[in-house]
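The same chain A turns up in both complexes below, where it pairs with chain B and then with chain C.
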Partner chain A sequence: MSKVVIQADDVFKKYGSRNAIQHLNVSIPEFSVTAILGPNGAGKSTFMRMITGMVKPSAGNLTVLDQTPAWEVNRSIAYLPDRARWYGNHRVGQAIEWATNLHPGFNAERAWELMKSFGLDAATPVEGMSRGQEARLMLALCLARDVPLLVLDEPFSGIDMISREKIIAALIDSFSERQQTVLISTHEIAETESLFDHAVFFQEGTAVLSGDVERLRAERGSMQNIYRQLYG
Partner chain B sequence: MEEVQIGGMRFTLDLSQPLYEQVLDQVRSSIAKGEIALGSKIPSVREMAQALKINPNTVMRAYQELERDQLTETRRGQGTYITTDSARVEQIRYRAAEQAIQEFLGKMASFGFDAQAIEKLLRKYGGEST
Partner chain C sequence: MHHGSFRYLIKHELAMGISRFYKKIWIWVYVAIILILAGTALTIWGGNDKFNPTYILFSTYMFPFLVFGISVKTLKREWEKGTYGWWLTLPYSRFRLLAAKAVSALIQVIAGYSLFFITVLLLGIYSFIIHGEGLSPIRELFATELQYAGILIGVSPFMLALGLLATVVRRSVMKPLTPMIWIAFGLFGNIFSWVSSFNSLSESGNSNGLISGSLPDWIWLCIIPVWMIAALLFAATVHVCNKYLQV
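After this line comes the complex of A and B, so read on.
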């Protein structure tokens, strides 16, 4: 059994009387590329916000990289929030400069390479970027950080096919080059399921199924099929 | 998934089955069919992962199994090469034939044909070689 990087034991998050997360028990293995799957409102984004300490559990125990989530732990996490935007008044070059100053372990050289492969140059203004371009910018800034944990909330949603393919290619390169644990939430299952080696299926704030993707395939078929079985 | 060609090999992956076994089987069968020459270099893990759009760990696992099977060898800093041992490839070819025959026999049995009936049919449809 490989080392566990994120461990949730009976975690709850209440908003008023509603449980956004309830009885959540999850273990994410080190160096896995884990899919966080489930319908809207199942608790995927809340779980990711908990990992980055932005949301505190109402009950239960959550550890990330052997620590309780807090801003100190975030030095080791590259996080792409859902619907992430960058400062409109920046150009790509300024974004890289800004990230270099802000993030420990930010690899500016790698950021430039990624921007180039994403078709973004230093002078491109953020304002006026298409959604796909801005998604590529945000992802490049995440992938350029040398950190043990990468958390991407919906990196493929609402962006065009070419941008998606570029992002997938960049992710595969990144997985080949470094030992990093990666969490990705997505609704684009058919297109992306071949990238994952671990999966967690969320429903009503809890993990209803999780495990090694190849084993799940052997037992129950494709992730898309399992998704239909669970939520259809 | 549609067919992908890389390094002289052809792949069609089915997402409802474990991918590692499919990559392994399809490389093996490319070797058995002679689609890739003995001693030739196969794509790197990264190239294969990019072409198939799959997790590099999955490719790595398949490559490790090929190496354990002595069908490939990794030369440090140079990449992975198909074995030059033709006897080893011949073994794989026979193993593939065995597997194909087992599948064929199983299917025929499910249609209710016994060995004798199968032989008859083979003679009828399989040409004059028998």
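After this line comes the complex of A and C, so read on.
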């Protein structure tokens, strides 16, 4: 049994009278690449925001890297927020400078390599970038951090096929090179299925199914089939 | 702690704030037009107290409101531009993140004040020279400017902290407090009306709405409690950001 990096025990998050997360019980194993799956509004982004301490649970117990989520823990987490944009007044070089100065464990050399492979050079201004270029920039900034936990909230949302393929290739390279625990929430199951070795299916704020991807496939078929069975 | 992170955060905030002005050429066109109009008015109507350069100081009445606006903008843009996720998950305390925004806003405000008062002084010098009024009115204008600057420096930390608080309260479960913040905004933003009202009642004051002579000491003594209230408002902003923010 591998070590657990993220543990949620009966976690709740309320917004007014609405439960965004309820009775959430999840264990994420160390060094796994975990898919966080589910329809819109299932609580995936809220869960990821709770991991980074941006949102606090209303009840229950959540531990990340053996600590309660807080800004201090974020030194060890590279997080790509949902629907995020990058600072419009930056150029690629300034974005790398920003991360070098503010993100512990940021490897600028690796960031430049990733930018190059993504077709972005130092002088490219963020303002005027396509959605795909901006997504590649933000992902490169996350992948260039030497931290134990990588949390990517919908890294492929609104991105064209070519950019998606480049991002997936970069993720595969990154995961093969380093030992990191990775969480990715996505709706692009068909294209990304090969990335994952663990999966958690969310519905109405709770985890309705989770486990080793190989085992789930053996029991229920492909991830797409499981998705259809649960939400179809 | 990442070495120099606070200084870098301030630098980043300043770059974000100032880049807006660089890009908007129309702002500079307006500034140029206003300067040309003021210079022309002083050339034609200046001298013999017809158009005293001190009248330009009337525009300082809106400055406390502008400070509030700059403060709101520095925080609100994280949500408007979709960068709040990066900002809120930086591995630094909310106190540190908000303090960097407050310091950068304060630097912008002080730079703006300095630019304004130097420009008015230069216009005054120009007017007094071409109308042959000597050095005495220049000294008088400078003394009046110092009083305006003093009041602005006194009230600015309060308006700045209030702007930050207004922005986080609006995005928190404490949103119903917003009307109270707007009332404080209206009351304190109008500081020059209050000061000139008290001033016109005193012996040294005049009734044209401009501060003249020396303000009573108690007005200067009020600055310390106002700064203390500003510190409390900042602490409240950090607390709301830590506990009640809804993202």
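What we mean here is this: the second predicted complex is superposed on the first by the 232 of 232 C-alpha atoms of A that agree within 3 Å, B and C clash if a C-alpha of one lies under 4 Å from a C-alpha of the other, contacts with A are read in each partner's own complex, and residues count from 1 in each chain.
The criterion applied here is as follows: a contact is a pair of C-beta atoms (placed from the backbone, for glycine too) under 8 Å apart; a residue touches a chain by one contact, two chains touch by 3 or more.
The structure presented is a predicted model; accordingly, all values stated were derived computationally and were not measured.
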> Superposed on chain A, are chain B and chain C clashing or fitting side by side?
Replying inline: fit
>> As a test of reading the superposition: which chain, chain B or chain C, is in touch with more residues of chain A?
In response: C
> After lining up the shared chain so the two structures overlap, which partner does A:N101 touch, if you call chain B first and chain C second: first, second, both or neither?
Replying inline: second
>> Quick check for you: in the superposed arrangement, does A:G53 touch first (chain B), second (chain C), both or neither?
In response: second
> Touch check for A:I168: first (chain B), second (chain C), both, or neither?
Replying inline: first
> With the two structures laid over each other on chain A, which partner does A:P69 touch: chain B (first), chain C (second), both, or neither?
Replying inline: neither
> Can A:G43 be said to touch chain B (first), chain C (second), both, or neither?
Replying inline: neither
>> For the superposed arrangement, I'd like the angle with vertex at the C-alpha centre of chain A and ends at chain B and chain C, nearest 10 degrees.
In response: 160
>> For A:R85 in the superposed arrangement: first (chain B), second (chain C), both or neither?
In response: second
>> Quick check on the superposed pair: does A:A218 touch chain B, chain C, both, or neither? Answer first, second, both or neither.
In response: first
> How far apart, in Å, are the nearest Cα atoms of chain B and chain C after the overlay?
Replying inline: 28
>> On chain A, which stretch or stretches are contacted by chain B in one complex as well as by chain C in the other?
In response: none
>> Can you tell me which positions in chain A touch chain C when the two form their complex?
In response: 15, 49, 52-56, 71-75, 77, 79, 81-89, 98, 101-104
> Hey, which residues of chain B end up touching chain A in the complex?
Replying inline: 13, 15-20, 45-46, 49-50, 52-58
>> List the residues on chain C that touch chain A in their complex, please.
In response: 2, 4-5, 8-9, 12, 15-16, 19, 81-86, 88-94, 243, 246-247
> Of all residues in chain A, which touch chain B in the complex?
Replying inline: 33, 168-169, 172-173, 175-176, 190, 193-197, 214-215, 217-218, 221-225
